[in-house]
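The data blocks that follow each hold one structure.
Shared between the two complexes below is chain A, which has chain B as its partner in the first and chain C in the second.
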Partner chain A sequence: MAKKAFFKNSGSIASLLIVLVIGSLGFVLPDTFTNDHKQSVVNAGSSAKKEIEPTRIKADNPMPIYGNWKNFTSKNGLPGDKAYCVKIDGDRVLVGTHEGLAVYQDGKWKTYTTEDGLAHNGVLAIDVSKQTGDVWLGTMGGLTRWSTGTFENFTQMNSGMPNNLIYAVTCDGKDVWVATGGGAGHYDTYAKKWQIFTEENAPMHEPWTYGVCAGDGKIFIAAWGGGVVEYTKKTKKFRDYVDPDGNMEIDLFPDDGIVHDITTGTSWSNGILWVGTYFGLSRYDGVHWKGYFDHDSGLASNFINFIKASGDVVFICTDKGLSTTDGNNWITYTKNETNTNGKAVLLTDTHSTEMTMTPSISHNYTIGVDVEGEQIWVATSKGVSQGELLKQPLQ
Partner chain B sequence: MATRNYRFIGLILLVLIFHPKLVNGQDDLMYGNTPDSIFPYHNFQKAYKYHFIEPIEFYGAGRDKKPPSDLTEIRIGFLGPLEGSPLVPLGKQMLNGSMLALEQANANGGYQGIPYKLMIHNDVGLWGAAANEVVQMDDEKVWAWLGSIDDIVSHVALRATLKMEIMMVNTGDPDPTFTETNIPWAIRVISDDRQSGYALASYIFNTMQHERVAVIRANNRYGRVGIMEYAGVAVRMGHPMMIEERFEVGETDFSMQLENIKEANPDGILIWGNAKESALIVKQIRALGMKQPIYASDRVVSAEFLEIAGEDAESIVSTCQYNPKADNPKLKQFQSDYLKRFGIEPDVFAAHAYDGMNLIIAAIRKKGLNRVLIRDVLTDLKTFQGYEGVTGEIRLDESWNDIGKIWMTKVENGEFHYTASPTTQEKNYARKGKRINR
Partner chain C sequence: MKKTRLLLLFGALVVLGLLIYFPGHKWARKHVNYMTAVTDHPLKCTSCHLSTSKNAFIVKMLNEDYFSPFNSAVSKDGSRLYVVSQDLDQLLVVDTKEKTVLDHIMVGVHPHSVILDQDNSLAYVSNQWSDNVSVIDLATSKVVDTLDTGNGPSGLVLSADGRFLHVVNTFGSDLSIIDLTSKKEIKRLVTGSDPTGTALSPDGKTLMVTSRRARMVPYGEPLVSDLTLINDSTQLITKHMDVEEAYLMENIAFTPSGDLALMTLIRPKNLVPTVQVEGGWMMTHGIGVIEQNEDGRIVQLLLDEPNSYYSDPFDIVISPDGKMAYVSNSGVDCISVISIDSIRAIIKSTSTKRLETIANDLGMSSRFVLKRIKTGANPKGLTLSPDGKKLYIAEQLEDRIGVIDTETLIKEKSIDLGGPDRITVARQGRRLFNNAGHTFQNQYACYTCHPDNHEDGLVYNMAGKDMGRNVTNTQSLREIGDTPPFKWNGKNQTIYKQDGMRFSTVLTRTEQFSYDDLDALVAYIKRGIKYPPNLMYNPHGELSEAQLRGRELFNRSEDNLGNVIPENNRCITCHPPPFYTNLKAFDVSTLAVTDDSILFDTPHLNNIYASAPYLHDGRAKTLEEIWTIYGQDDKHGYVNDMTKMQLNDLIEYLKSIRASEYYQEEETEQQASFVKTD
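Now for the complex of A and B:
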């Protein structure tokens, strides 16, 4: 809080401290600059120019900055405005919307619906098997496998799947995991068998699950009210992580565990487990937990719809914009309320600066994100946004 | 003079440094009608972050979406236990209350001449079935929906309703954790077990001056989560549960649990369960010769309980989310209309469903056919704050939980009699001992 209030309110003090940052290759390089130079931040797609005074700050790895946003809605290709999820799959991009699956390839959109074979038009989650290239779609009416041009549907009625409303799907080798309101499901594509994990056979208070990811030989399930349930594939054993204070209405200590038991997503990368909730963000390095709230970090909002970790950076879809962080440094992308422009706010331990984005992301209510190479795609409440890594944001 | 100035500056700095707004970004407000002295850890440690003291807004799109121009009916969803559940009697009352509200609205011209239609869904089935029902309601293009009673169903449906972005008005689930989820697509217009737990604890320990209270509860989520707030407060008041026994729904012989309780010789016994099992437990307590006062969760406030427990129901004390005998002309009219329409007396679920459905109708009348705008007006904590329904004044807190009045009820001469619950003033909860950090 103190930090945020400081940056927000103490303009004159902040101006004495100033930043920044940013170097070639589109990264925030907080430890790259010395006090010798003044630079102006110019976003490639931006009209704003800002005098900055770089200062040396501590950070090991650069933070990527994205810009040159291009937005798509129902007016230019999507079957509907509400986009739930996005997945970059080679040279195409798959977008799950309320009205069907939209596929972007060679600059054109194509839509697939129940008429083409989807289990339901509402597509909430997408993953692609690295092993087979099959696309797995978690829909509001079942799980759909899209393989060699054919759609195959798994439902409660025709398979051992726990529930038809699939909130998350992740491919892990030959296995496919789903998170549903009726439990977590594991499908072995070789044996063609389902296994269901609920409060009966896993340390969940209830079988309500909303996120699932794989990493480090483990599966991490975001269990609503039950924190995170960890499943070690080798030993087939579970353990859970919950907020130690045991009360829903408070977080007693900031870094004592998950910030809240109502978890909405998990993502693992480079030895770090990130956990999203509607109450803030958590980071776990295998030993220590660290909590982040909107009042004590650069997090856009405590209301986190989805998270995706890539390398050392986690991309956080909140109801007030897209935040990214490596745990120390933050970048948050937002759109202006009154026009299509917006900004990226860069925040380090000691400094903050803004970059104007023209245009910015499609909408601040972000629901899904994927990054691959130099591309980023963001699913929002009103369309999807395509961004690219800024190669030379500084001139 | 300089010293005095430094002291003054120092004082200002201390105030700024320790002001809660600066420490955790929040004003020093407590949640859920909870006095400081019984707020978790509050006597010992300030929390780093307090939740539910500011409402979560919905920042998504959709407010500019126009309704279809060819509508022939205005669909409102309903999700309740209508078959295959021990809660069916409650679900049917909830359905009746909802239907009556819509029928009356239709008699008054519906919405701009278009009639309302209730899209009815049963909430029992396969695990997570409520999620599938909400998806179906989305497919049916309902504008808002009402339900349910079972807390498992409500929780599963809540997450689904956020994805579908359909406003959910809950009128029957007392699980405190239901609204402790920060999901801005639901309101609850019935008091929860937090409020019941506080009222019971205050009555048991302050009014009745008990010291040693035994608990027997249903071994399901209703029992586990329902007793949670009472248990927490009892501990903070210095009276932890001396014994806690559990039973399964459908169980009829409670001798094993009651023998254990008898041996513990408590001052009083608290039962947390459905009407049927609670009534059987009351009978078996008395059959064992145990004379202790008996308290119970609000599901005993029913004709079913009185019928099964018979004379043994006498002097049982519970809570009720409204006073069905209040001198309220709206309530009396509702009771008369309900009896005329369905041939039975309305219960607590019927009355609250009637209020909840009337709120949905009023929201549509005010904002038109747009799901987000319906949500906005139902959650703004202004337009309908203090709404006078048949159940009395509906007052929501920042998590959209009903923190309006709750009532104590006692069986006297075979009938429930209602009185105001013990006040939640801090003095009633003050634990003997020194408070720290306040």
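Now for the complex of A and C:
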């Protein structure tokens, strides 16, 4: 529960009221802070109908704001402080740490390690198959299928999996995809067959892959130095999206393509592909690319570790905090250097607003995030943070 | 003069005959001695050369087509019994009152199970060797649909609302859920290894799936098998239960009240030398009782007795009043009749600590087994009539349905399915293979360690008493007739030797087979056991791109740098088609410290995908591990220059290798084309 709301830039009283009303519902409506106020709000609690400016990205749903943060570290349940990933799975939360898999259920933590059957204690990625309920864990020593109590490990030594170092895992129907240090891997759970994709058989710069996601009948692989590699499942064909400016660290021509070839994550939702890089964020609607940087948007940092799209919003884990955006509006959560408190900065085209968070997220170096319903979990280098969608009026 | 000539001619013939007879007899004796590894096997050419012939005409003359009933289902009114004929790919419709066969319905390949829908309008038959389910309209006795499944469908059960068909995939080790409206598989859930049995709890909430193979563990660790619980409503797995020190859990059934589920199982002692069989207790057979309460304990009870074992429990059914259970003991041709109330009393009156060790108590069966009823050869699937008064037994190798009156517990006149009356040599061999009568106190049959004539996935210590360890991975017996020698080190030149005196000395610890029985057993093993089709990796004989690349690697003579690979270190040298073995011995550098220093018999690779674990002592859990972990010195083929993708391709090709007949056909076709070209 946020106790205070600060407004960095003074605005109209109307703007203040709108922020308070919307904040009380846990949302910031996009485009409600424009100068001319030409958007008309129909129902602040659920959806907003508005005229769209030609240069603006359409955003139909309000931006969620999270607060009431609760942090967990090795002092109160986690096996270690370094949390790499988090996944909400029904009434439990799975957290990948450097010391094993931590499961939070009914207010209690339970840890699973190699002694229980994990391939490796360093759990870097988690996904849950909607079809079967099986949990797939990407670790530093292989892929583990955790099926209600039993662990089955796939390694580069005992299976056709490309490499033991797994940065990302995603379940897509009967298929499981992994992004590894030795290429992307595809496992067909029906046929029990592995396929490997590297620079030898796919448009990649090198086999190192960092992220993988599924959407729209396609698989999007974040390939280190190779931009995004798109695989169409129906045709089994690849194409790549690379930075037209090459590997330059500046974006010479805005919105001409992906912002950089060193990609760290992909996430697809509602027809939009979001791409995280170490040099900014990209958004692709199937036709146009748009780039976002820390100097021209609310993005906490260009150094993006992980992204997760949900609905119209993407959650961006950076080395300097957690950002969320719908393409126009931004909310960035950070922690103060000197204490456990922090803030959420709400940014639109013209307005920036700060909310104090007491406490805030556990650490600014964020590495993983998941949202489901009214809760958000964030993995950081100093534990995990649990946040709630804010509903009460801001104090 | 003429008479003298005749006498001279006769004398010459006698001399010639003697000249041929004595060396011939000596040669024949030597030949038979070598082949049988004994010196007194009758010199009867037909013993080997007739019943193991591959000549199509002789095979047709010698053999018969048996129905081999495997499972059955009964109609709601009890008037019809539907019997799966596994060998003839049929579903037989039987009039239970007249005890006559009314109809034969052709289904898919090697059918396994049959169930009926709630109003008895449709029957579903799982076809284990064609990866589908036949849907039969019982009014017209026609197959009206075929539903695709996973690999090796076996056990079947309908969801509580009848909208979904659950199909256990034995070879794929998973469960297909098929939407009967769309007739499509909607999901596949991972189960234990090699599952078959399944049952839905009476309240329709929980589906249980039994597995037959234990989870793979390093030699020395106790085995654990999986019992999978699935929520029928969410269609998600709720639990994988550990069943300790047991495997081959063939079937499962719930009591009508739902307080217990009972499954058949075997408890092998694979870590002690097999000669321990003479001390008893080497392979024990029983049931697992799964309490349906919060504790969910699994209590294992043996059906065996101190000096008499009841091997290979297969099916289990429970009477409508929930008081009696019937188990088919396939290896000893009998039905064990069980009092479930006695089991309830045993569990209630026994401490938890005692229940943990009760699984090894051979005396327990006297407290809950009411009777043993003899059946025909190799009883398999059991079906109770709806009123519980008749028990129908699929007597697989008797080719008939046994009937027991459950009120008197006396066997009635059986139902003759109309198969051949003659018992062929191969059929006799199959009966011997499936019967535990030749093992000390009936502890196990050949089938016990070779279920489905294949292998049980376990590693055994085959050493004699006080001889240390001789750790050996159970080998598949499918189509091994043309791949001598036998045993991992090739010490047995023939199956005669493998299954003769040595067999009784090391394994059965009782009298060896008579020569007639041995002839029959060898005939069955050499020619009677077929491979299932490789539907998982090579269903049509057309290799995938990866498999084609893998074949190139398999056949290659140069490494990735263009260096010539020595001929004896190429895959194709030691593993040429059609059997993918050159039948020779070789050192592949995988000798264990406890092994005799000796070469390895080159194994055949047909259907190798289905024979995990690998290497002679089962140390490699997957094909990959043969080279990634145990082939780093390049002595088992030159592979270490390969990229991971190349190794994957090679293994995809190995998994595609099918039965030898396909490659023999290819050779014949190639030879024909050469002749035509010439």
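Operating definition for what follows: the second predicted complex is superposed on the first by the 335 of 395 C-alpha atoms of A that agree within 3 Å, B and C clash if a C-alpha of one lies under 4 Å from a C-alpha of the other, contacts with A are read in each partner's own complex, and residues count from 1 in each chain.
As a convention for this text, a residue touches a chain if its C-beta (ideal position, glycine included) is under 8 Å from a C-beta of that chain, and two chains touch if they have at least 3 such contacts.
Owing to the predicted nature of the structure, the values given are computational and were not obtained by experimental measurement.
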On chain A, which partner touches more residues: chain B or chain C?
B
Touching A:224 in the superposition: chain B (first), chain C (second), both, neither?
first
Using the superposition on chain A described above, determine whether A:182 touches chain B (first), chain C (second), both, or neither.
both
First, second, both or neither for A:262, with chain B first and chain C second:
first
Check whether A:91 is in contact with chain B, with chain C, with both or with neither, and answer first, second, both or neither.
neither
Which of chain B and chain C A:106 touches, first, second, both or neither:
neither
A:337 contacts which: chain B (first), chain C (second), both, neither?
neither
After the superposition on A, what does A:115 contact: first (chain B), second (chain C), both or neither?
neither
Applying the document's definition of touch, where does A:156 land relative to chain B and chain C: first, second, both, or neither?
both
Considering only touches as defined above, state whether A:134 meets chain B (first), chain C (second), both or neither.
second
Just to be sure I follow: which residues of chain A are touched by chain B in one complex and then by chain C in the other one?
156, 162-163, 182, 198
With touch defined as at the start, can you tell me which chain C residues reach chain A in the complex?
150, 172, 187-190, 215, 226, 234, 236-240, 536, 546, 621-622, 624-625, 628-629, 643-645, 648, 651-652
Flag every residue of chain A that touches chain C in the complex, lowest number first.
131-134, 145, 147-150, 152, 156-160, 162-163, 174, 182, 189-196, 198, 200-201
Chain A partner, complex, touching residues on chain B are 21-26, 31-32, 34, 40-41, 45, 47-52, 56-62, 126-132, 134-135, 138, 152, 155-156, 159-160, 163-165, 176-177, 180-183, 221
Per the touch rule, the chain A residues reaching chain B in their complex are 1-2, 4-5, 81-82, 84, 120, 122, 124, 140-141, 156, 162-165, 167, 180-183, 198, 206-208, 210, 224-225, 245, 247-254, 259-260, 262, 278-280, 293-296, 302-303, 319-320, 363-365, 380-382
